[in-house]
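Let me begin by handing over the structure; questions about it come next.
Chain IDs A, B, C and D follow the sequence of writing; residue 1 opens each chain.
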Amino acid sequence: MTHSATPALERVTVLANDRVAEGVGLIVLLAPRCAASVRPGQFVHLRVTDARDLILRRPFSVHRAEGETIEILYQVLGEGTLRLAEKEPGDTSMDLVGPLGHGWWVPEGAVHALIVTGGLGAAPLGMLAEQLAESGIAAVTAMGAPTASRLVARDLYESVTRRVEVATDDGSAGEHGFVTAVTARLFAVERFDVVYTCGPEVMQRAIVAQAREAGVPCQVSLERLMACGIGACLSCVVTTTEGRKRACVDGPVFDAGEVCWDDSELPPRH
Amino acid sequence: MTQSSRPGTSPDMRVRIGALELKNPVMAASGTFASGREFADFIDLSRLGAIVTKGVSPQAWAGNDSPRIAETASGMLNSIGLQNPGVEAFCAKDLAWLAENAADTPVIVNVSGHSQSQYAEVIERLESERVDAYELNISCPNVDEGGMAFGTTCEAAADVVTACRPLTKRPLIVKLSPNVTDIAAIAQSVEAAGADAVSLINTLLGMAVDASKRRPKLARVVGGLSGPAIKPVALRMVWQVASAVTVPVIGMGGIVTAEDAVEFLLCGATAVAVGTANFMDPTAAIRVVDGLEGWCRHYGVAAVTELVGALEVDA
Amino acid sequence: MTQSSRPGTSPDMRVRIGALELKNPVMAASGTFASGREFADFIDLSRLGAIVTKGVSPQAWAGNDSPRIAETASGMLNSIGLQNPGVEAFCAKDLAWLAENAADTPVIVNVSGHSQSQYAEVIERLESERVDAYELNISCPNVDEGGMAFGTTCEAAADVVTACRPLTKRPLIVKLSPNVTDIAAIAQSVEAAGADAVSLINTLLGMAVDASKRRPKLARVVGGLSGPAIKPVALRMVWQVASAVTVPVIGMGGIVTAEDAVEFLLCGATAVAVGTANFMDPTAAIRVVDGLEGWCRHYGVAAVTELVGALEVDA
Amino acid sequence: MTHSATPALERVTVLANDRVAEGVGLIVLLAPRCAASVRPGQFVHLRVTDARDLILRRPFSVHRAEGETIEILYQVLGEGTLRLAEKEPGDTSMDLVGPLGHGWWVPEGAVHALIVTGGLGAAPLGMLAEQLAESGIAAVTAMGAPTASRLVARDLYESVTRRVEVATDDGSAGEHGFVTAVTARLFAVERFDVVYTCGPEVMQRAIVAQAREAGVPCQVSLERLMACGIGACLSCVVTTTEGRKRACVDGPVFDAGEVCWDDSELPPRH
């Protein structure tokens, strides 16, 4: 298990903010304290505006951390991410609370990993892919997206994992179809010690089922509405085999085996 | 402007809620601060006037279904529904942790029940524990039985107090609901029944809708509105209640800054609580503590109690 | 999602408030639109569902002292206090102007009084004028006598309606106060007394303080809170009232966009009114008219009435 | 009397936004429609933010209009003007309603005018000074400010009026003392046909009294809290000899003779 570093409130400076796919931006933030301690799968709770109309922070996974910076891959959905997309380099109006939550972990003795991403699910798995490469664990990546223009972070996975297989719903990149078809084939021919997945919850469930069938332990990163992000408000509950847990501190990464999937818990835009 | 001491000298920040003395008037509001543990990474809990815990019931409550929150303009709705592990687990985990990690911060336990006897049950169990005061939550809009139902008539509100009063010598604070026609009358009735203080406001009952899905945003349909949006209503109610009772008033509703806190004190609150702002900024409560002291220095206020009810209104 | 017509076809936007048919469900709210004249430079008044005038009393009222407004988080307080030139001047100036410049827009006159007989007096005077409906304002928080006092008990509310009902065959709308424990009960009592519709919410009673001056921001100390901040409370009350009465409900409180309007319709409002948003943007009401029609097209809603009360809630 | 042009809602582009004195900015807005029709003393009601926390527009006098642009001189006081100060050239997030209100007028046959400004009161008189110069009316300007660093628009008045006399409370520019000392002297030695004044209301009242004594008609521009800005809400009332009038449409410029000065009507930050 990862040992989480103490979170803190940290003001950030925007170093870059660019559109990297249809409706998706990559923002690079100077956040030395967070960058130094964040672990794969953790997230930051970002105050995207000084204005008082949006009172809640927005949770975003740390996609990558390098030196004093962290990178966030974000999809523009509503008012908060719209305002995030407008931030210019040099902006110092935002602060974050982080690093937060319980990230991915590497099971004892694992040497072959499968990473499965759907859409923006590629965001929280970036740091993990890098870390697996550093620790000499061979990973295969299966990436799904609706269409080529919405495929994100492919380059990162190409560069740090052994192989990347892509599927798009419309066939505009990689295979024509769902990523679950790719993984079904992979499970049939390769042996993995662990599966990591993030993406639309319907996709995650399919992957979890395949992993269970293949007898491979599986970890999932879940999204829930979050007010505090630090375990105090009980707005982000996930029903598990051990009762209601908090996605923000007990997750966002959970062992797939303990999650009792409940659609009503999903955020509205999922 | 009263200038009762030279700017710069150290103001006396202490206030009293009945027999309880607080080192400053700034509390963390119930349900927004758990039992403080989650905030210990960010702030020094011992600098708070008091910690008000999440609502505690005799047995564990599971709370409501998800989604439980929705953001609204300058506010948020919640329908957490008093999820809590029950008073026994609360003593074992929360109070034990507090005793070890925040020994000199007064702890006020927010008490919940589906019936009068359940409120009593929680208090009876806690009498042997290190607890500094009780806050009777008769105003939670998020539970079906009890909760706000107790807080919307003078009789029901007084009855809960009458049931609990004989059980403890500790200060009994009653948390009032803003979802009423005449909050001052309810404050008077709980005062008459023996409350040592009143706290207000709890959340305003509200609702949010996802238009494109044609569905309510909260699984419970309705929930409690909190945050800056409700501050004007909260100030008005504190003002009305403070003029109607003699017991201390603890004011809350949308406090984010020290200036907000001053506004509540001027309207007659003896102490204040920071709620939703803890989610906006985990250091919010301490910023209010520091800011309030800074305010007193700047305006030459020798004792923060001078601000209480000091609003100047034309006759 | 009901798809009752192909996206793109022209939706039927008409709704009925009692005997009154509106070309669309979007009104301008009382007190935020004067009698429309000031907005004629910005929008085509004839495209509105209806214009609800500023409150009109038998004689001229001077209104309250200044300051009369204060901005709050996502909202504003006002304590205008129903300043108006009295019904006679209103007929001579406002109604005359409307007859000439907005002949095909229904005009709903918001009626104010310090007593039951004053409401009656205004209606009697207006019976001979071109007026399409009356809205009895029993919920203004900004006057000392009458106003909200009539709107906070079932009996007083019903009495005003009983006094006015025999005087007119025109639709009688009653504007309800949100500053009550049980707004549904009040709605039921005015329905029983003969109201043809209810409108809600009027403003929430609130207060704002200038901390450094130690003074209330409004000369009257308290005022009415409006704007986006109150939308969650308004939606909840519309939802409660719509399930409690059979007469049409006119919903308002913080509507800025067409999506806001849809939320009110889904909660059970047959029509909506745009208030404070007119100050934010003088074209706001027309943007809501256009946006609502666009919404219906986009979601294939053949008649806007399909949206009324169409919120899907788990049993 | 000036005949007001029809107001409209107009989106604006920020062309420049610079600090011109202590706590004072000058913002230049591309607003062709308003620029073409605005008259001296009129104002615009500016939406300074897209965010919903500040719901009210902010009223600002048009300091100057040139071609397709208008200039606003603004003092940073609260949240709204803070956000205005942060706008960068190129910003298109604001819109205005305007031109609004009833501005300055030139009495029949006037040939000598006195302009008296206090602090930011120099803002609404800028266009007037230019117009007087164009119509060959000789104007003298008396400008007051707390200190030299807070004196604004002196150059404009130097260039278009016959003479500028300055007073600062601390003597750091011009005379040491209040502008009312300057004007008292001016009234004693010169004849004016009209006095125009804007500034702190206490100053305005002193000027009004001096003008009355000297028998010169005087016009004042008043500030009131404004919600709608177009005459609909009755939040901006000014008590006059003819009853309550609305500063936004019946003013902001009033004949000094009709104003019943009432401190309680003043905006908080006056």
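Quick note on the criterion: a residue touches a chain if its C-beta (ideal position, glycine included) is under 8 Å from a C-beta of that chain, and two chains touch if they have at least 3 such contacts.
The model shown is predicted, which means the values in this text are computed figures rather than measured ones.
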Any chain that touches chain C and chain B: A, D
Most contacted chain pair (by C-beta pair count): B-C
Computed distance of Cα centres, chain B from chain A, in Å: 36
Intercentroid distance (Cα basis), chain D paired with chain B, Å: 47
Approximate Å spacing (C-alpha centroids) for the pair chain A, chain D: 54
Interface hub residues of chain D, defined as touching at least two other chains: 52-54
Where chain C touches two or more other chains at once, by residue number: 73-75, 213, 219, 227-228
Graph class of chain-chain contacts, one of line, ring, star, complete, other: complete
Residue ranges of chain B in contact with chain D within the complex: 73-74, 228
Residues of chain D defined as touching chain B within the complex: 52-53
Chain B - residues contacting chain C, complex: 1, 72-75, 77, 152-153, 179-181, 204-209, 211-216, 219, 221-222, 225, 227-233, 235-236, 239, 254, 259, 262-263, 266-267, 295, 299, 310-314
Residue ranges of chain A in contact with chain D within the complex: 49, 51-54
Complex interface listing, chain A residues touching chain B: 6-9, 47, 52-57, 95, 97, 224-225, 227-235, 237, 244, 249, 262, 264-265, 267-268
